[in-house]
Amino acid sequence: MSPHPAANHNSSSQHTHSITVFDYNETQLTKTTPTDLRAYGATKKKANTVTWIDIDSSRASTLIEDIGKIFELHPLILDDLHQGQQRPKAEDYDDCIYLVLTMIRYDRTRQTMVPEKISLILFPHLLLSYQEGRAGDVLDPIRTRLENNQHRLRRLGSDYLMYSIIDAVTDHYFVALESFGEKIEGLEESLVKNPDPATLNALRRLKREIIYLRKSAWPMREVIGFLERADSRLIKASTAVYLRDAYNHAVQIIDTIETYRDMISGMLDIYLSSSSNRLNEVMKVLTIISTIFIPLTFIVGLYGMNFRYMPELAWPLGYPLVLAIMLVITLGMIYFFRKKRWF
Amino acid sequence: MSPHPAANHNSSSQHTHSITVFDYNETQLTKTTPTDLRAYGATKKKANTVTWIDIDSSRASTLIEDIGKIFELHPLILDDLHQGQQRPKAEDYDDCIYLVLTMIRYDRTRQTMVPEKISLILFPHLLLSYQEGRAGDVLDPIRTRLENNQHRLRRLGSDYLMYSIIDAVTDHYFVALESFGEKIEGLEESLVKNPDPATLNALRRLKREIIYLRKSAWPMREVIGFLERADSRLIKASTAVYLRDAYNHAVQIIDTIETYRDMISGMLDIYLSSSSNRLNEVMKVLTIISTIFIPLTFIVGLYGMNFRYMPELAWPLGYPLVLAIMLVITLGMIYFFRKKRWF
Amino acid sequence: MSPHPAANHNSSSQHTHSITVFDYNETQLTKTTPTDLRAYGATKKKANTVTWIDIDSSRASTLIEDIGKIFELHPLILDDLHQGQQRPKAEDYDDCIYLVLTMIRYDRTRQTMVPEKISLILFPHLLLSYQEGRAGDVLDPIRTRLENNQHRLRRLGSDYLMYSIIDAVTDHYFVALESFGEKIEGLEESLVKNPDPATLNALRRLKREIIYLRKSAWPMREVIGFLERADSRLIKASTAVYLRDAYNHAVQIIDTIETYRDMISGMLDIYLSSSSNRLNEVMKVLTIISTIFIPLTFIVGLYGMNFRYMPELAWPLGYPLVLAIMLVITLGMIYFFRKKRWF
Amino acid sequence: MSPHPAANHNSSSQHTHSITVFDYNETQLTKTTPTDLRAYGATKKKANTVTWIDIDSSRASTLIEDIGKIFELHPLILDDLHQGQQRPKAEDYDDCIYLVLTMIRYDRTRQTMVPEKISLILFPHLLLSYQEGRAGDVLDPIRTRLENNQHRLRRLGSDYLMYSIIDAVTDHYFVALESFGEKIEGLEESLVKNPDPATLNALRRLKREIIYLRKSAWPMREVIGFLERADSRLIKASTAVYLRDAYNHAVQIIDTIETYRDMISGMLDIYLSSSSNRLNEVMKVLTIISTIFIPLTFIVGLYGMNFRYMPELAWPLGYPLVLAIMLVITLGMIYFFRKKRWF
Amino acid sequence: MSPHPAANHNSSSQHTHSITVFDYNETQLTKTTPTDLRAYGATKKKANTVTWIDIDSSRASTLIEDIGKIFELHPLILDDLHQGQQRPKAEDYDDCIYLVLTMIRYDRTRQTMVPEKISLILFPHLLLSYQEGRAGDVLDPIRTRLENNQHRLRRLGSDYLMYSIIDAVTDHYFVALESFGEKIEGLEESLVKNPDPATLNALRRLKREIIYLRKSAWPMREVIGFLERADSRLIKASTAVYLRDAYNHAVQIIDTIETYRDMISGMLDIYLSSSSNRLNEVMKVLTIISTIFIPLTFIVGLYGMNFRYMPELAWPLGYPLVLAIMLVITLGMIYFFRKKRWF
């Protein structure tokens, strides 16, 4: 049944990866940084300590093949490790549980959400975590906590360690959502006051980001829900309580995302309305000016005609009379517009 | 399994909190206001009376740690008590049920909905309620009702007390929705009559508020539904009947919220339509005025030209003829517009 | 367990209510109009006839308390009877089933849908119906049918009587929907022809009405579905077949409501489009007139200048030449607009 | 339990209906056209042949009462037969299954979808079909197929006959959808090219039709799904396979309807956009013409003033200078518009 | 039960089809290209090798009837094979599983998505695949892989071969989605910069394509989900793991489609907004020009009147004064527009 019977152990020679192995229980902790993993195949069976093999590597690396051979992983897991950004998922392979998580980091310089993939493989007393580049930073607080022998992380098993990583990842969503919320807040201000194309562009970018956030948050919830309900011997009942809590966090993340989504799509409507308001205002000014002056201009044109026989031109009071008539017309217009509440 | 074996009882010394303990059954009621809770750990086991420990405290307080130790609460409950506004939820921890409720209070001065968190922990004959600031006001009618030894609250258990608090919270939603309904009513009036940017802004605020209301009302329904269906020894069948009623109230709240939501999103469409109607009206006036005067102005300009050889200028009837032509043009235009039903 | 042990029977003295009691089986029918219900408590146990206690009363009446005591109803039922308009619901209280129905009556004078609440309490051989004001009119055909001893209503039990009332209520929905459909029909006509603010207002009112209709029709379906599926000894299998039919009617009502809703929201789009079409038409006229006359007016202004040295003014053919140029420009413009298909 | 014990057989005397009875098995077929059905009550029990009683009648006919008495149908079935257009439904009455199907026929002369009701009552070896007017045409191919003793219709039971009718009905949906698709295709062409009110009207009609189609297609799917899953002794497992196929067809119909619906609602957006594009184009022409000529007209007006002391008027080069200035302004404007990419 | 007892084997004489038969196990592979299938009926029973009968044929061919007789297929399968493009589906016929898959190929020359149907019939050690025209190209990599006796395809059964084909088909969706994504990307650029009717048309085409993609992707997911969950003896547990992976791919495809759909419908809003922005900009220029010059033109017209008694005309400073007044008006206007932030 094992799909890789003859494993050759020599390929993990190029050191483009970094491996850290934590081996701990309530009383002791050893931390090593081996260059390859040949020696760790046996940790799958060891039960007195929990082993965390924390791998930071490029997914092009041949290390993945080695891991597959050493820990006898299903070929589909190896295929997945080789892939780039994926939909979060959880799969139960009898002897292990395989997880793909998507971490969202808000990159302040590029002003955008960056998704990063973290893969976890859970055995009874062993956890493998595999990530690329900066994604591993999210695990720093867990590394620190492990050093503290008072922390419950040290007393509980590999499933609790897995929970801690999930929890760290969901926490990063909250951080990302917070900066997202600030951007919405900022945009709402300028929406009614100053609806220009830059606002529209910002809105479009926000909409796009929230679509991406949503795309990774929903399956995260499924994944955690799957783990909580999974009737697997790999996850203890006491850990399931913590997973329920993580599940609630995931639901809260989705709630917030949906709220933001509603707000953004509302904002586009508001934008259109503001825009149409502005057009109305502009049009009203044009209409008022035009409507007042067009008749007046006609009148002055009338008496600019060069007909030889125009009796009014010779009247001594012709000019003041025309001025008076134009004043009356102007006042009449203004009264009409006031009545129409156009200004 | 208990995560806090050695509890030290000395930390609740700063009195930034107020604790009221009601201990009652059908025949008697004692009300005390202790400064700390060390003496009340035993109330978990006592079965002849119901104890309500009603805590009003800042969530930064060290009191939370003490509560955790005294009543042997799961660390996740303590984490939650420390947090600010949360999604309503209900969790069953074998020996107790933990609830987070969100109360909505309409703040008339700030003209907005204020969410407030109330946490409840239900034991067989004990209920802990924990809230911050003004949120506790919602419990006043329950406090009063307890003094009345005729009330069924006195005859029934801690689960009925929990129901009463839930009921008081849902009642506040109805109050908030009523003032919300009035605002919608008011806005609808000015929507068709006078669609200006202020209306749009008010609409935007309403939309935002309803999004928030919705966000807390849906999980409230889930929470009550969970309690009603929960097959827990902590909730008696007779109380489940009352919870079914509370559930129906929650459904009614959501129905009303959804109705308002539909109405608000309809109102934006109406706003846009009204706005476009107004623009049409403005444009029509402009068009009519321009279309009438532009040709007339051309004619008067024509006879204002200074060509030496313009025979019409010398005709004695030139002027009246031009006036007559312009009158005919004007009447023709008016007839055209009438036919087009533009005014 | 009975929450009202000591019932005092003296409070139903003010006669603001009307009570009609029908007591019938296949062979006999008695109809009485008692002033209070003290004598009818025993009808709960009597099995040889069906009793219908048909109460028409203001909900402020003290009668409700009496009913509660006489028929030993759960306090939550009494609370509900006291309330105004409610969401339709069905609740199974072991010894009885409690129903709230919402009747929709189309009030032709106020031109609007009026919701009215009817409460039913079903016992094995007894049905209490409780309604306020004109709502009871819907039951008239049932009252008539009871007099006819050939009708199956006389042969079947209290559950069939309950079904008959539900059926009468759903029938009224169809009547209301029919007049609603006529209004939509009428509005669609004027939508494309004459999209003015009055149409918009009518549309808004329709939209609001359909929201209200929907709000009461969906829970009606739930209620009937609950009764059909309820595995209660109060509802016989032969009646469940009729309830299935009533359920199908409720589904058809909802289908029609959703269809109307789709049509109304489509109509708003059509309104906006028609409105924008009209604006286009208006703008085109303005553009054509302006575009033709603006250059002409410039030319006549040009030769209205008073420069001493303008050779054209002295040309004998200056005037006809300018007229010819202007004619060419006009024809060119008209050709351009025709090519653009603007008129 | 039979609701019509004393059946009087004399009412089906007015011959406004046509009845065709097919009685067949694999080896033989008899086809008769009786005037009434009194003699066929016994066919319910006969098991060696399948009987199809194919009734084409006005629903006002008294024939329905007769059918009810002869075949001992539930009164609710009779009520339904009397009704006009209904929601498709399937109901299992222990001894028979009652179906209402809605056939959609595309009426090319009235250019609209016409719904027609077909009712089926399935007994173990008997099928009654009941329809009005032209609806029965859809059954013609089945009538022809029955004559062919090679066809599997002759070997299989009344349930397969029912399936064949359902299949013929769903096939007609595909025909209707095809002509619908052609109309959409045609409209899409003229949408971008020539978005006038006629297009809008056509779009509105299509939208309305698809709403109606949808309203009958969804319950058709439910009906077939109900039959497929129904664990009834009236439907053999071998027929359930065919029903599964019919169910897939119904799903495909709904898919296509939803696709068309999406396309139509997208088309309205496109219409609005095209319309707004046209307005933009018109406005741009107006703006360009106005913006160029308005300043020029001012300048020529300036030198049309009659002030005694205007030195420019006396300059010999005044006129050519003004012409030059105006040329410069015009070229500047054109450059500005080009830069703005307005034409 | 077999519907085709007497099979005549002479009809597959016209060679418009191509048949390739692979017969393999871990150690051997034979590949033949027979002209008809009469000899292969027995492969249904043979268990020591897996047989893949790969048929590329026009669906009008009589070959389908032959296949039906030789492999004793249900008549509904034959009906389906005869049909053109169909909704993907999976059906379990006790002795075999019948699959219809829809392959999406992006045709770069016609710039559109082309759906192609592939039918699979799975027996315990036999797989029939049936496709028309170019659809078979998608199977090329599988044909190649079969030649490699190291590949797991050679070790595993006909169900794994079926999985491999499903996997190849889903992979093609990813390719199609990628080119779709590029088009969206390209369009987004020109959306804000240059929203012209061509963009609108491109958007409409994209919208239409995504509707079609969606229509085939959703049932693909259902089909794979059905196979994964199917408790059929035809699919081994080890293959179900692979199907779970294919299911995840299908979910990812749908996620991406839904994301693109959201983006496209957002883009139409953006288009409308950009379009309205442009109109605003145009209108503002028109308003500013008009509003400044209309009063000025009036003034110059005023002093172009030919009244005999206009004292200003004779003032030596009349002309400069009027020029100054006009300058003041112009500056006032500019100040007003600046304050209104119109430019």
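Note that the chains take the letters A, B, C, D and E in the order they are written out, and that residue 1 is the start of every chain.
Note that contacts are C-beta pairs under 8 Å (C-beta built on N, C-alpha and C of every residue); 3 or more make two chains touch, one makes a residue touch a chain.
Not measured: the values here are computed from a predicted model.
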Completion exercise
Neighbours of subunit D that also touch subunit B are C
Completion exercise
Note: subunit D sits from subunit C at a C-alpha centroid distance in Å of 26
Practice task
Could you please state the distance in Å, as a whole number, between where the Cα atoms of subunit A are centred and where those of subunit D are centred?
Solution key: 42
Practice task
Among the residues of subunit B, pick out those that touch two or more other chains and give their numbers.
Solution key: 272, 276, 279, 283, 286, 290, 294, 297, 301, 304-306, 310
Exercise for the section: Record each chain of the ring in the order reached, setting off from subunit C and passing subunit D first. Expected result: C, D, E, A, B
Handout entry: Sites on subunit D touched by subunit E in the complex
Key = 152, 188, 192, 238, 241-242, 244-245, 248, 251-252, 255, 259, 262-263, 266, 269-270, 272-274, 276-277, 279-280, 283-284, 286-287, 290-291, 294-295, 297-298, 301-302, 304-310, 341-342
Handout entry: subunit C - residues contacting subunit B, complex
Key = 1, 3, 74-76, 79, 86-87, 89, 91, 93, 194, 196-197, 200-201, 204, 207-208, 211-212, 215, 219, 268, 271-272, 275-276, 278-279, 282-283, 285-286, 289-290, 293-294, 296-297, 300-301, 303-306, 310, 312-319, 322
